[in-house]
Each structure stands twice: as C-alpha cells, then as structure tokens.
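You will see chain A twice below: alongside chain B first, and alongside chain C after that.
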Partner chain A sequence: MKSEAPATFTLHSRLFRAEAHSTFLILIAGPMATTQILSEIQDPRTGRGRWLLLAAGFVLLGCFFLPWLRFVITANDRIALSLTGLQAVTMPPVETTDGGLLYRSSPWMYLAPLAGIVALGLGLLTLRPGRSAPWHGLFAIILSVTAAVAVWSVVTAAQEIAQKQKVSVEVQWGLALTFMALLLFLISGLVALRDAGAQQPTFRAALDALDFMAPGTVLVIVFFVLPAIILFILSLTDLSSANFSEPWTFVGFDNYRRMFSDRFFPKILRNTFQYVILTLLFFNVGLALLLALLTAHVSRRVGFFFRLLWLLPRITPSVVYIVMWQRIAQQPPYGILNQLLGWLGVENQPYWIPEAPWVFVVLVNGFVGASFGMIIFTSAIEAIPADLIIAAKVDGAGDLALIRDITLPLLRWPLLFVVTYQTLSLLVSFEYILLLTNGGPGLFTTEVWALTAYKRALQTYFGSNQWAYGAAWGFVLVVIGVVLSVLYLRVFRFNDLVQEPKIDVL
Partner chain B sequence: MAPQGMEIERRNETRLTLGQALPYALLTVSILPILAGYAWVLIATFSQRTNGLLPLDAQGNLGGLTFENWAFLSESDIWKATLNSFGIGMSMVVGVGSISALAAYALSRMNFPGRKGFLGMTMVLHAFRPEMLLIAIFQVLLFIGGIPLLGDLFGFNTVGGVALVMVTLDLPLGIWLMKGFFDNLSWDMERAALIDGASRFRVWWEILLPQIRPGLAALSIFMFIQGWNAYIIPFTFTIGSRVANLPVYINRFSGDTSFVSWNKVAAIGLFQLIPVLIFFIFTQEALLNIYGGGSKGGT
Partner chain C sequence: MRVELDNLTKRWGDVTGADGITLDMQNGEFVAFLGPSGCGKTTTLLMVAGIYKPTAGEIRFDERVVNQVAPKDRNIGMVFQSYALYPHMSVRQNIGYPLKLKKTPADEMEKRVQRVADMMGIGHLLARRPAQLSGGQQQRVALGRALVKEPSLLLFDEPLSNLDARLRLTMRSEIKRLQLDLGITSIYVTHDQVEAMTMADRIAVMKEGKLQAYAPPNELYEQPRTIFIAGFVGNPPMNLFDAQIVQEGKRYLARRQGFEMEVPHKQGSRAVGKGQVVVGIRPEDISLAQNTGITGEVFVVEPLGRDNLVDVRIEDLHLFVLADPRQPLQIGDPVQLQIDGGKVQLFDPETEYSLLWT
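Then we have the complex of A and B:
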C-alpha cells in the first residue's frame, strides 16, 4: 500500500477538503436550524411545534454526527466510512491494531455541537414569537442542500479511493443519520418558506393544497413521470446487460426500426389484437353483460351470491389462480377436465394448455375480467326506473323483449365505458399470460405486445436483458395508452367529473 | 327491479318454471371452473395425490388423507416470504390509505392551479395501469439503491422498494375512490369549522376522516389484498429468497416444469389464500363496491 501513496494522496486530500467544507457549513447550519425551529415553536398560530421539536432534536443530532467523519483503511482492505470524526484540521493517521491506517478527527471538532448549543441558548433569548421571515426558510434550504452535496462528495471521494485501491467501501449508519437530519432541516426550511408565503393571501390557497398534495405528487413524479421520460430516453440507447456498466450510448431510433422489422412483429401485433378482441368480446363485455342480466333476473340474494363468486378469480393470487387452471387442463389421470371427459368415455386426451393455448389465455383472463363489467352493468340495471319495467310488463312484454327494448338501450353508456376501459387494461396486462404460457408454446404463439416489452427488457433472454429494445416496445404501448385514455376522457365528459369544488367560496 | 318483477313472476308461476331455472343453471355452469379450481386446492392440500378431484393415496386407492403437505410450515423461507408479503400488504394499506386520503381531500375541496391536470393524469393512469413503466422504474430503483441508507430500504431488491412502487401504481385508484368518498360528504360541518378558524389539516383529521371510516376500511382491505397477492412487481424487482414474497415463493415450485409437487403447491396456495378468503367473507359488499366503484365516475 505504501508504494501507491502518491497516487492516493491527492484523493485523500480531496476527501479532507470536502470534509472541511461540510464542517464549515454545519457550523453555520446548526445555529441557523436552531433559530429557525425556535421561531416555529414560538409561533402560537401554527400547531407544528411538536414535530418541529422532534426535527430540532434530529438536526442537533446531525450537528453532532456530521463533523465526526473518518475513514479507516484497515489491514483487510476495507475502507470504513463513519461519521465519528471530521478532519477540519487533519490529524496524522495512526496505525490501528490490525495494521491499517486510522484517520482521526481533531479535538477542535467538538466545537460544532457546542456552537449548536450556544445557538439554542441565543435563540431562546433573542427570538420574538410570531414572525416567520422568508429568508429563514431560504437559508435553511440552501444550507441543507449544500451540506448534503458536501457530504455526498466525501462519500464519492471515498468510493473513488476504494475503487482505485480495489477495496470495498462500507458506509455506516451515522452517514445515513446525517442525511436524515439534513432532510428534516430541508423540510423545516420548506415549512418556514411556506408559512411566510401563507401570510400573503395570493399564495394561501395554493399552499394549503400543496400540504395535502405533496406526498402523492412526489411519488407520482418519481414513479410515473420520471420513468415515462426515462423509458423514452432508454429506448434511444443500446443499453443491455452486455454494456450495463458503461455510460449510455445513443443510437437514435434504431430500436424502433429493429422493432418494426422484427420477424415476429406481425405475429405479435396479430396476437395482441386477437387477445384484446376475443377477451373483450366473449368475457369482459359479453359474459359480463350476461352475468349482470342473469343475476338481476334471479332473486336478490342469489344474484348477490353469484356476483360475489365471480369476484373470486380477481382476488385469488395470480400464481395460485394459474395453478388451478393448470390442474384443470392437465393430462389424464391428473386433469379435472380430462377426468370429466373420461367419465363421458373420451379417453387419451392431451394436456390442454399447449394443445389449445389461445382458448386458455382468453379463458384465464376472461374469468378475471368479467367481474368488472358485471358490477358496472349491474349498478346500471339497478338504476333503471321501476316504472319503465312495470309499464312494459303491463303492456305484455316478455323477459327477452324487456331486455332488448329497455335494458340494453339504457346500458349504452356503461357498455361504451366498459369497452374503452377494458381495452386499455387488456392492452397493457400480461401477468396471467406470463404465468400461463410465457408467450409459448413454441415461438411467440401467445406472446402479446406488453409481454414482449417485459420479456425483452426484464427477463433474461438468451443470457441478456435488452433494456433499450424492450423500452422501445414499452414506450409505443405507453403512447397508445395515453392517446386512447385522453380520447376516452373526452368521450366521458371529464370536465363534468372535475368541476370546481365549492367550499373554497366560503 | 326485483320486488315488482317478483310479483309478476308469481302470477305466471306455472308457465315460468323452466324459464326460472335457466338463469340459475347458466350461472352455476359458468362459474364451475373456478369452483373446481378451489375444490382442487382444498382436496389436494390434504391428500397424498389427486386424480382430477379424487384424492388418492400412494397405492392409487381412494383416500390418502395426510397433513404432510403442510410440512413446509417448518421451513424458515416460508415465514420470511409471509413476513415480506405481510409487509408489502401493510405498506399498501398505510401508504395508499394516507397519501390518497390527503391528496383526495385537496382535490375534492380545494381549488388550486394544477388540480385539473393532476386529476386528468391520475385518471389516465387509473385507466391503464402502466406496467410498461417497470422497465424504467427498474433504473430508478437501481439509482435509489446507490444512495446510502435510502438504498438499503427502498432500492432495487428490497421489500421497501417493491412496496413503494406498488403503492404508487395503486395511488390513482386510491385517489379516485377517496375523492368519491369526500365528494359525497356534506360541506356544512367542515365549513363551520373553517369559519371558526380550524386549520385545513385539523378539519381533515377531526371532521372528515371519521365520516369516511367505512370507505377507508374497505380501501384498506382491498389494498392489503393487492399487496398480499402482488406477483409481477416483487418478481421483477427482487432476487433470492431473502426478499421473495409468497407468490414468488410459490412460483418457484409451480413454475418449475421438471418436477412439481402439486400437493405441496396446493398447500402453500391455500396458506396464502386464508387471509384473502377471510377478508372476502367479511367484506363482500364493500369489495363489490370498490371493484366497480373505483371507476363509477366514468358512467
């Protein structure tokens, strides 16, 4: 290790500079956080005192921990990063008992928490309650972000050293705690900024709503919006498990060209249409409508009971559900269907799933899908005014005429709704096909678009995950889905649905 | 429609016997495959092997009642998987419940810039559950996995990461359901409280949430079942038995084509079905409402 000293030295000094930087920041950030929190607590109009006190505890704890950053290169070639020391004034490393080098912190660093305590006292003495200045919040935000960047640079520098020396980096919990403290600091800054803004009547309503919307919005951005963008960018690269560790290289629209010229593209397209149309026609709409009519026709309790039974496929775990179907279809003497056929005298039947894969793909998905339309249609049928039916019956209409001339015309909108809605969900669903046939038997027999995208990207395919190519398949589907759903929102008068709430007009 | 219909039917009783029996027959026949599937699970769980629905012992005679299929209960992997499934289910309950209740309140009661856009987006996302995004979410999870601590909790190959993705994917449904609940509540009490100077948060917590408790409970149960049953996301974002949940654990047996111990699979399947069926029995009406009601807005 000694011989490599010159090469690692610059890295070490970079590391220490970063540490010094973060110490400096925390010396300011500690007092700032304290005063900020105190002003919040003393504000009698906000009820946030209690949890901000908690935040204060964490930030102070962070002040204790952040400066105590050290890293140890031990004899067994591990760099341990922990936040128990920080070298603003670096002490010369000492040899540890196991022969490694220990970089220690200097005693000067005890000053940081001390400063925090002093600031706490000063804040108690000087701050007047009831005022939340915007600069308080701004400072807290800027400081917490820069401090986080500083600490981050320490970590990356350590990781770089570790990579050069081919040792592993061990990040310890103190570091995480610091990030948590900084996060709380950031939140307290945002809260302060928000409160300052709320004193302005123009922002008040929007900020009130922001409180409620924030968690949902963050998740939607991180797991919907961002992935949609990443999916598109990814589809322009050639990322696969072969070049995973390298930076992404962009290949333009090659993946899309490759997709459209794929030998099996027409087959997959046909499969997708076949799957969506057959399942929709026979089950999600056809059987659903039949079930709704039948369960409305029999007595109320029996109807409810059967509707309930039809929910079973939907709430059965998909894996167990598929096992049930496999057992139904299996070859004699195991399969239930073949046992039945055997009793009827039809012997020597095959395992039905590879024999008639499409029948089972549609059946399996249809039994799950039928319940949705059934529920929608049932509530629509129950909403039909009784007068209409009585009038028709008085006029002598039979059951079938009743259904044809009264029920079905009134179900026009629910029908359209179920068709559009289920087209979309069928288009993107692949879980049951994945479990049932995985696109087989043979080549692409039952492989639909969504399954292709999934398999290319996330299933090891001849030993390689072709993320970029799969992303191209997936992105096309996302675009189709978005366009269709926007159209569908138009049709179903979205604007009526989202009419403005009245309570804001007090 | 039923009461009026029945009166008329009673009058025509003699003529309609076949016509009356037909719907029952059709309903029964159509649901048979599902009943057969469930029957098989129940029978196979407690027998040495099955031919069709007949339980057999090792010699091929009828009988063979056994509990040895339940030997898996002594393996530590199954309990790890159960715990993971339970964790995902509970995260769904807490995550979707709280986050969607918060957002739905704002969407139902407040007017703010971006409201329509957000509603439109969640409606689109609700209409088609974008499982295609899993490819890109994989990259996001890899990135989160690189962050210290956060990565250990929510990165790739963690139960937390799976739970977070699941929560987000079901958030649009939760938000729309919750918005429906809030829309149905009257404004009066809330408005009085606001005029008296209560904060929005206090109004939400002390006045509105208690009123929608039944809806919240139904959503919680639904979300628990979703999380408990989750297959595709845990399967995609986890490797190995430490983080596998129950469906992934089962699929390791049933997906293996070479040798499948079907009776063991049935037993594990029943083990996983137990909480689902308990919820199913006790919350029938609520479940029917949720499965249809989540999209009632469209009609």
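Then we have the complex of A and C:
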C-alpha cells in the first residue's frame, strides 16, 4: 500500500485524551500496585493470594515498558513509532524534520514513582497484620478492571486515528501480555479477598454490612458523587451556548477566577448568608419551635388542626403559592393586604413586594420551611416521658419554667438536627425567590448563590447559557455544603446523636 | 398535714379512672394504695398531686379544698417508679431544682442540697449525671429531690418496682424509717401487697376504680371484707373454694364433694341456709396431720426455703398448705389435713362481700 507521505502527521487530540486517562490511572495504579505488592510481602497471613499478586504486580509493571501498538506509516516505507505502555505518560509528539514524530517523556512521569513512594509509606503505616488483606484484594480488583478499561481506550483511539490518517496499526505482543497480567491481577485479587473472608470474621461482617448499605451507597454515588464530579469537570471547560458548535476545551480555573472577581460576588455572598440565617433563625427553627410548643400544649385535636394548617404552604405547588403571595401584596383593589389597610384608612398603598423584597423572601420561604422543624420538634416533645413533666410540675415548675428547664434542654438533639438539615436545604434552595422576585428588584437585590448558579447555567437570554460558568458557581456551593455538613456533624457530635435516644436515658 | 378525699371521681368520657373514693389521712400517717394494674390507684394519686383535675368530689388538705390548686402550689414531693430524674441535670441540680424554683438563695440551697444528699447517702455523687448512677442511687436522688423542699405531703408511685429484690428490701425499710423520722404524711402507691403490709399504717385496697377497704394491715389480713381482698392480701394467697354450710345438731359443717370440715358456731350461724358460699382458708391455717382429718393427695410441692408450699388435691379441689420442709413428701403421697376452723372466712358469692365482717 503506497501513497503520498503526509506532509504533516498529527495525531488527533483524542488519542491524547485517551492517554491522559491512562496517565491518570497509572498515577493512581502505580502506587496502588506498589503498596499492594509490598504489603503482601509484609503480611504473613494473606495466604495463597500474595504470591499471585506479587507476580502479577511485577508482570503488570513490566508490561508498561513493552511495545503495545505499532503505527506503520506506509508513505516512507518505515516504521514511524511504536507505542509502549509508558508512552501513555508522555507529552504530545513533536514533529521531526523528516516528517516523523518524536515522543518525549513528560515531567508527570516522575510523579508516578514519587507518588508510589508516598503511597507506599502510607500503606506501611496503615498496615496491620491480618487486616490488610481484604482492602488490598479490593485494590487489586479495582486496579485491574480500571486499568483494563484505560488500556482498551488507548487501543480503540489508536485504531480510529490510524484509520483517519490512513496508516495501519499493529497490535504488539506487549499489549496481549498486559491484558493477561491484568487478568492475573484480577484473579489474585479475588483469591486474596476470598482468603481474607475465610480468615477474618470481622471482614465477613463488614462484607455483610456492605450488602446492607449497597443500595443506599449506589444511590448516593449515582445521584450525588458522580454528578458532583461531572459538575466539577464541566466547570473546568468553556462549554456554553455561544461556542456550542465548536469542540469545547479545558480552560483550567478560568471560570472560578471570573466568578470570584465578579463585582456582584460580595453582594450575592451577603444575600445568601442573610437569606439562610434570617429564614433559619426566625422560621425554620424559631417559628417551628414555637408552633411545636404551642400545639403540644393545647388539646390534641386543636394541635393536630394547626399542624395541618402549617403544612399547607409545604404541600401547595410553588407557583400557586407564590401567586397567592403576590395577590396578597398587590396594589389596590387586588391585594388582600392593601384591602385591609384601606379599611384602616391607610393611603398610598404600593405593591409591597418591591417595597420590602427581603421581608417577603424570608416570609415566603419561612412559611414553607417551618413545618419540617415543627413536626420533628412535636414528635420529640411527645417523646418526653410523662413522669418527667409530672415531676417538674410537682417540683414547682409553672408552664414557662417547664419549657425552659425541661422541654428545651431535652430538645437539644432534634434542635441541632433541624439546624443542620435546614441550613443545607436553604443554602441550595432558590425556586421561591426565582418565582417571587427573580433576584430583583433592581440588580441582585435578593439574588442568592443557588439562583445565580441556575441563571448562569440554565436561564437563557438569547441563547446565553453558560453551562461551564454556572457549573463553577454550583460546584462551589456543593463544596460549601459538604464542608458545612462535616462541620455541623463534628460540632454537634452527630455520632452521639445516633448512638442512643438521649431522652430515654434516665 | 391531714388529707381528705371526699367522693373523689375521675372520668374520661366513658372510662372511669377513680369512682367515688372517700378516705382520710391523719397528720404523719403512711397510707398505701394497693391494687392491681388499672385499679385507679395512680389516677387517685395524680389527682392528689394536682396533675389530673377531679371530675367530681373534693380533695382537702387541712380542711382547705385544693381541687383547683396547681401542683406547684401544693407543696408536695413525689417519687416515681421511673425515678423521673432530669437527664440533663447533675444530681446537685436535680435535688436543688425545687429550691431553685422557689428562688432560694444560692448558699442556702447548696446547704440544704448537701444535707439531704448526705441523709440519703449520696453526698459524694452530687456532680454526676443520672445516667452515671445505679438504679438504687437514682432512686435515692429522686427521694432527695422530693424531700429537699420539706413537703407537707409525700407521694410515692411504685418507687421500688424497678429495683432488684435485695435492694427493694433495703429501700423499703429506709423509706419507712425516713417517713417515721420526718413525720410527713405519705401516700404510697403499690401493687405489691408485701410492701403495703410492711410499710403502711393503713391500706386502701382498690379495684376497678372503687375503694374496696381502708384499714390497717392486720385488719385487712385477718378480717378481709371482700373476696378480692382475701385473695390479694397475703402471701401465699388464701385458698378460696365453694362449699355449702349445713347444720347438724349443734355443729356447723362446710361440705363439698369429698370434703367436710367443722366451722365454729359464730361463723357457721351466719352462713347457714345461704346455699353455696365461698370458703377462704389461709395456707398457714392448714396443717398436715396423722390419721385424722380430710384425706387428700400431694399434687405439687414448691419449696420456699423456710416452708414447703404443698398443693393438695381433694377430688377436684386444690388446697395450698404450708408444711415443714423436713417432712418428706412425694408427689402422689396420701396426706391428712387438719384445718383451723376458727380462722375460716366466709363470703357471699353474689355480692363478694364477707359474711362475717359486714
């Protein structure tokens, strides 16, 4: 097969994307394999699995030096290059003067052994006799499967490129050996896992627990972890409706730089805190507690009725609910509020929402949010043993002293739970503000973080969706949420909360 | 303080908790409310405490009607089965809480808490939380909290039921001693007739919301007014069975299939001609005899340590008898029973009232 030599021979960027994937994997896999192998030597209790693992690990590492693929450039009647496993961690090729391609080592390559040493150190530190085997078996399985996927993606990318550039590509024996090594690695991992299960009842119990948690874990991974990762990757690109027809590119942290230097950024930040703190304090916790205490101290039927009443905002469709509020605040003769004011003889009645936007933002969200805390607090109040209440009354407590000294202290845990849960839920909620003021009136008066993220990413003015920029806003919110959750759980000692019901310990 | 309950009644719709309870307590008296679960004893106690408002009737403290007085203004102390200590307060705070509500000065409060705690033997535990105490210690804290404000009435709601058997004995005598020393009028609710018998000056026996009897322990034991009291008071419980009282010459005989015993004139004359009556004999009033008395057969032997409780079968009648454990008895052995006729109780099966003490 003879044809004209291509003047410029460029490999399509997709190959390098595939290489980037495998770079990443080798960075991870290399240290893992090293730790794996060394810990297997360290641990005398691992059994049959360790020799297999050891052998497989060495073969696998070795395979990265063997040629995998050979590109045959027919124009010059010579072999231009052959790609080894390690060349998946290289810089893009540089064209030589004679039309060939030169691969150079990437500085990233040196990171692999460095990271390997660090991981090895960590691995040795965490290594406990008899306890390491299960995790190392799992490592081996995960490593082999992901590495196989990565290697396969390199091969398919290379084949596609070869077809486009009209060169042929030959599979070298190193590739086959790599796959065999990976297979061996997988088998040894499974063997190690099985041995560990046989040796350690605690590990078997952990596996059983894993079975129970698996459905929940899968849900969290599919609906939270993966979307968060995708969101982060998206935020590093320039994806928007303006350049949708062109291939998108990674732009690093440009979107974040743009976000933090936005002149309305401080305003939005302040709005978010104002919104969360005011609504939380006065309604989601304050009003909720008041409602729970009041409805618990009236007759059961009346209490039930009022609780139901306060649930109505929650179960009303948000658009209908906002329309109701707008009707309440309308100018005469439409607004209910202004009708009442009219009867009281108040003149000059405006449309109240633009007059006091923050009052309405907090009221509208607070009325929806109060019911959650109310229900939690009510059930907690009902759960206080009757004897304690009787004891306090006999000891001389009036209603106020009873609430101050007995009820509130015993509500500590539900209180902390509601604060935690509602902070996070308010932080990411924006639909009522969107419908009520859309962040206005004027510029960013009531605009909160989540609303900005939504507007940047998904709200269209003449096709102006900036998905990547919106993703940056969204991702920072996710990080804030996660950090706050961890903080709350630490500060409020959530582990104590789930250990035993505090009220029953008498 | 004198306490009077006058026709005290509590109803929730169709449910009656307490039905026309009338009794009085002298100053310093220790009264037990005794009865099975759901008999209305706790309902009555909570009405005295002011937690429940009576549907009808009156509660009087020293002649003063307190029906409408809030619990906090009644100056009572209360001890619960569940201890009802405030879990979020230390022992010091728990005991001091009634004083704190009375706005007692801090130094006096400290002094009184320490004194009461020392009296209860928990002076060294003041800094602890209730969850860090044993059941017995918690009950002492609860007692201290009830006593610290020097109440004029003490209410106990089955305070010993959650303690183990050994501790229950110790606490029983401690409470009794404490009540005697302090001379505080006390109401003690219990379903345990031993507690009621050993501690109380007078016992109010209740059943299904009604007061069955209100009498000192001895009287309750020796002259039970109803079948219920006869069966409830005393351990092991009284033997109760149907029989007919017939007169043969000057003798009165209680008779049923395979069973005949003589009843003294005083008792027999009251029951003769009434048809079937309920006869009650305590196990300790029956003894095993040689070659005389009623013939039966050993059905079960339950060793109680000091005595053996022997279930003797006479035809279809089972009688419980207390016997000397040194006497070798095997299941199926034939035995003769000697019954102390003078201790026999007789009841009308229709009204369930005693034929002797009404």
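FYI, the second predicted complex is superposed on the first by the 256 of 506 C-alpha atoms of A that agree within 3 Å, B and C clash if a C-alpha of one lies under 4 Å from a C-alpha of the other, contacts with A are read in each partner's own complex, and residues count from 1 in each chain.
To be clear about the criterion, a contact is a pair of C-beta atoms (placed from the backbone, for glycine too) under 8 Å apart; a residue touches a chain by one contact, two chains touch by 3 or more.
All values reported here derive from a predicted model rather than from experimental measurement.
Visitor: Applying the document's definition of touch, where does A:I406 land relative to chain B and chain C: first, second, both, or neither?
Guide: After superposing on A, A:I406 lies in contact with chain C but is clear of chain B.
Visitor: Just checking: does A:L312 make contact with chain B only, chain C only, both, or neither of them? Give me first, second, both or neither.
Guide: First partner only.
Visitor: Have a look at where A:K393 lands relative to chain B and chain C in the superposition and call it first, second, both or neither.
Guide: In the superposition, A:K393 touches chain B and chain C alike.
Visitor: Thinking of the overlay built on chain A, is A:T295 touched by chain B (first), by chain C (second), by both, or by neither?
Guide: It touches chain B, and chain C stays clear.
Visitor: Is A:L487 touching anything from chain B or chain C once the two structures are fitted on A? First, second, both or neither.
Guide: neither
Visitor: Counting residues of chain A in contact, which comes out ahead: chain B or chain C?
Guide: B
Visitor: After superposition on the shared chain, which partner residues are touched by A:V346: those of chain B (first), chain C (second), both, or neither?
Guide: Neither partner.
Visitor: Can you list the residues of chain A that touch chain B in one structure and chain C in the other?
Guide: Comparing the two interfaces on chain A, one with chain B and one with chain C, the shared residues are 390, 393, 502-503, 506.
Visitor: With touch defined as at the start, can you tell me which chain C residues reach chain A in the complex?
Guide: Contact set of chain C toward chain A: 46, 49-51, 70-72, 74, 76-78, 80-88, 97-98, 101-102, 130-131, 138, 145, 149, 155.
Visitor: Considering only the defined contacts, which chain B positions touch chain A in the complex?
Guide: Residues 1-2, 4-6, 8, 19, 23-24, 26-27, 30-31, 33-38, 40-41, 44, 50-54, 98-100, 102-103, 105-113, 115-116, 118-125, 127-140, 148-150, 164-165, 167-169, 171, 175, 187, 190-191, 194-195, 199-202, 204, 225, 228-229, 231-232, 236, 246-247, 250-251, 254-255, 262, 265-266, 269, 272-273, 276, 280, 284, 287-288, 291-292, 295-299 of chain B touch chain A in their complex.
Visitor: Show me the residue ranges of chain A that touch chain C in the complex, using the header's touch definition.
Guide: So the residues of chain A in touch with chain C come to 385, 387-388, 390-398, 401, 405-406, 409-410, 412, 502-503, 505-506.
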